[in-house]
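Common to both upcoming complexes is subunit A, partnered first by subunit B, then by subunit C.
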Partner chain A sequence: MTSFIDVRDAEKCFSSSEVFGDVSFHIEEGEIFSIVGPSGSGKTTLLRCLAGLETFSGGSVHIDGEPVTDVKANARPISLVFQQPLLFPHMTVLENISYGLKFKHIKKKERLARASVFLGKVGMEKYGASYPHELSGGQRQRIALARSLVLSPKLLLLDEPFSSLDKKLREEMREWVRTLLKQQGITAIFVTHDQEEAVMMGDVIGVFKGGTFAQIGTPHSVYEHPATPDVAHFFGDNWVIDEDRYVPRRHLYLLKEKRDNLQQWPGVVSGKRLLHGIAFSQVDLDGKRTMIYDSTGFEEGAEVFVTMDPANIRTFQEKKSIG
Partner chain B sequence: MKSSGPLKPWLLLSPALLFLLLPLYGLGAAFWNSITDQGALSLKVYEELFRDEEFLSSLLYSVWIALAATVLSLFLGWFLTRMFASLLASTSGKLAAWLPMIFPHFVWAYLVLLLFREGGLISGLIPGDPSLAQDPEGIGIILTYIGKETPFVILMLLPVYLTRERHYDDLVETLGGSLFFRIRDAEWPWVAPVFIETGLIIFAFTFSAYEVPALVGATFPEMVSVLTYDWFYSGDWGERPLAFAAMVFSSVVISLIAWVAFFLINKKRRLLTEGL
Partner chain C sequence: MKKISFWTIFLCFVFVPIGLLILQSFTAPGSLTEPSMNGWTGLFERRRLVEATLTSLVIGAFVVLFNIVIGMSAGKALALYRFQGKDILDTLLLMPILLPLLAITFGVHIAMIRIGLADTAAGVILIHLVPTVPYSIKIFRNGYVSLGGKILEQAEMLGASAGRTFLDIELPLLRAPIQSVVFLTFVISLSQYVITAIIGGGTVVTLAMVYFPFLESANTTLVAAFSLWFALLPLSFYLFAEGLIRLLPYQRRRRRRTHDLFY
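Then we have the complex of A and B:
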């Protein structure tokens, strides 16, 4: 049986250079797939291709068993929420939400009624007659989301929708949007460059690097078992020993003096941090800076050795997809 | 002397206001002359003006020419800006578009005369060698204005196109809208205020300017501006009040149109510039 969303061997080239290639993944109905990767890795282009705003150079996309690869953007059962809310400034909030229903040949009265329902779902009942400039950044993004959801798309694409919001609001919105999408049973792809956001939003996450997926899996499996040094680096909570081995950072500890029977690296404490009441030392190690749990309480400038229990050393298993 | 308080803005504006005194005096004097008859207040001149068939046909002719020139320049300018916005933004693009603006209107009018009159370079290529300048339909006048005003439209619209948020196009498309709706909802709301304002400026100018219709217009029918000039400078001083009345009438009508348009677009413009 095929999945609800099925993308196979997708690729995109601009003239001679490849933006992404060998991209395959599938999503089940009602599932949220987070795509996380550094800026410029091609994830926004992938989203634009899925939305139909750009064409794929190769590969296929099926939604609910139907091929959509050659369907125009305005006829795809896909809706896109952009980085900016992009509300029409000359329309009221209600007119903005109901905008896309016009193309489904629904009468105005019915359009506004449906828009009102979604205005309630995003918790902004009182703002129907307001204009976008009267709303805050978070409220605008909620309206943008309602405008997409009211169309009942089979697939909702979200392109870093919280990137223009401040940190606190971003955290609130993540939780709120995930709850709403789950309540509505929406199948969604969520693109971000923030690993914490990807883990929080996605049922499945895909680490996108250099124009392809380095790993796809549940947040827990990707976090605990990175498939490549790149993924381990990107998630930042691992210390990569070499091309084959890594150790989760929580298993690293600091020594004052070298011991013979352990693998260890000399480093210098360059700073101190307290996180949730626990002391960490910022250690400069092989030219890289890393945060390590510090039970001893080393002073800044102290020369230390970083080590771990050999039992905690893991090897990369090049398994690209388990999703 | 240090100035402050409510007087300051007036002091700063005084050079401009002094400069405006001259045309304002002209307009006031024309108005006064048009509403007096042998020293007493009277609307006799206006009654005479609106009974004058030469004036009425001239008025219709002027409206037709000004409207045709305005609409054609606006749409041609809009089309060119839409198609070539990025090209026009380059130095050579700007130069190509704005070069015609350097020439005065009468130079452009002579060019049209040379190219489009009977036996002209372009008319000669058309079967039947029609005269498209100094013609009764006013095609020569319209062609001159299109040549001169289209670059002006581009100059006005280009900043809108260079600064507009293109993601709105993608938004309309992903919400299900066709090209028509992309233009209507993602483009036109931003273009409209400038488009309408530019149209008003061109209409007001083409309706009332003298030199182009005087050079490439036919002897009959005449545009209001030419007719007014003839009345003003004819040997018969009795026709001067008619010239004043025609001038005042044109000014009032144009001001009214401008005021109504300004009122209509102002709210939308405020919403668009309120910022998002």
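Then we have the complex of A and C:
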């Protein structure tokens, strides 16, 4: 059985250099797929290729069984929400939302009625006659989302849509958008460089690094069982011992003196932190700074040994894809 | 304080000269008190005035049209597309205003004689593009840079074809550059004397060709009336173009604020 969204062996090259390659994944209907990766990893280019704004150099994309690789951007059943809201400044909020419906050969009255429904869904009923410059950043991004959702796209692409918002608003928007997408049963790809955002938004996460997926899986499986040292580093809650082994950071603890029967590394406490009422020490270890749970209460500047129960050491799994 | 000095300067250097010009056109030469309609009657007695005005209007309209078409396409390409040799092309497109216009005209004249464009209005329109197109490209290029390619991609993502995007997004949002180009190129075209005379060969008579011989005339009343007539032409054309722009989609309501345009 094929999946709702099926991307196979996609690649993109600019003149001589490859932006991404060997990209394959699939998404089920109504699922949100988070693509997370550092900036410059090629994830935005991947999204632009999926949207049809750029062409793939190779590979295929099927949506609901139909090939779309050669379909022009304005004819794909895909909508894209950019980093900026990009509302049309010369149109009212309602005209902005209803704009895309024009091309679906829907009568004006019906267009405005549908746009009003979505204006209500994003909680902005009162703003239909306003112009974009009269709205706040968060409100504009909501309208941008409504403008895409009203078209009932088979696939919604979101390219770091909250990156221009401040932290508090960003957190509110994440939750609100996820709830809305789930209510509407929208299949979506959400691109971000923030691992916390990826975990919160996605049913499935793909860690994108160096132009390909290092790992694809549920947030829990990627978090708990990183496939490669890169993924373990990126998620940051693991201590990578070597190419093959790592320890989740919560299993690390600090010793005052060296013990014979344990694997351990010398470090220096360079700071103290309180997170949710629990004490952590910031330890400089092998030139890297890491936060470790500290039950003893070491002073700043103390020389310590970092160790763990050997039973908690894990080995990296092969790169894997769920499905 | 700033406001007062602005209005004083504006009054002194704009309203007073225009006011004097209007006053002189209705008074006897050299006097601003003795009423006389000789300037305006004398003006309309000129045989070719109406014909020259119409010729200037038609030539100007085509020059403006070509400038908008060429300026928008070249400006858009230079602003939004990446391609090899872009910098060289950018400089090449500016060349016509870096080289003396007369030198270009003499060269082009020979070519126009060969292909039969000399002594025709089409030839004059073409030569008027030389001192105008580089400005239009610059103006539209800046317009497209501030518009940005993203907003056009957004329209495309919502299902708009290239044509619809042009009509619904580009034209309305590039209204200010279009207004500048309309006014600027029309005035430049209207004021061309030498190149019109060379390429038009005396067969194509524009308003400038009737107007310029008057400048040495001692009859200041007639010159004042002619100058006002000359100035009315671009103004009326601008108002006409403005009317056309208002027919574009999403222009029904006056925008409440014109800055802060793009998000």
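Assorted remarks:
Basically, the second predicted complex is superposed on the first by the 321 of 323 C-alpha atoms of A that agree within 3 Å, B and C clash if a C-alpha of one lies under 4 Å from a C-alpha of the other, contacts with A are read in each partner's own complex, and residues count from 1 in each chain.
Simple rule for what comes next: contacts are C-beta pairs under 8 Å (C-beta built on N, C-alpha and C of every residue); 3 or more make two chains touch, one makes a residue touch a chain.
All values reported here derive from a predicted model rather than from experimental measurement.
Once subunit A is used to superpose the two complexes, subunit B occupies space that clashes with subunit C. Applying the stated contact rule after C-alpha superposition, one finds that A:147 touches each of subunit B and subunit C. Of the two partner chains, subunit C is the only one that A:95 touches; subunit B does not reach it.
When both complexes are overlaid on chain A, the residue A:79 reaches subunit B and subunit C alike.
In the superposed model, A:131 makes contact with both subunit B and subunit C. In the superposition on chain A, A:51 makes contact with both subunit B and subunit C.
Once chain A of one complex is fitted onto chain A of the other, the partner contacts of A:14 are absent, as it touches neither subunit B nor subunit C. Overlaid on A, the two complexes show subunit B and subunit C touching the same residues of subunit A, namely 51, 53, 73-75, 78-80, 82, 84-90, 99-100, 102-104, 131-133, 140, 147-148, 151. Subunit A makes touch with subunit C in their complex at residues 51, 53, 73-75, 78-80, 82, 84-91, 95, 99-100, 102-104, 131-134, 140, 147-148, 151. Subunit B contributes residues 165, 167-168, 170-171, 173-178, 181, 185, 189, 268, 271-272, 274-276 to its touches with subunit A in the complex. Subunit C contributes residues 150-151, 153-161, 164, 168-169, 172-173, 250-251, 255-257, 260-263 to its touches with subunit A in the complex. Contact residues of subunit A toward subunit B in the complex are 48, 51-53, 73-76, 78-80, 82, 84-90, 99-100, 102-104, 131-133, 140, 147-148, 151.
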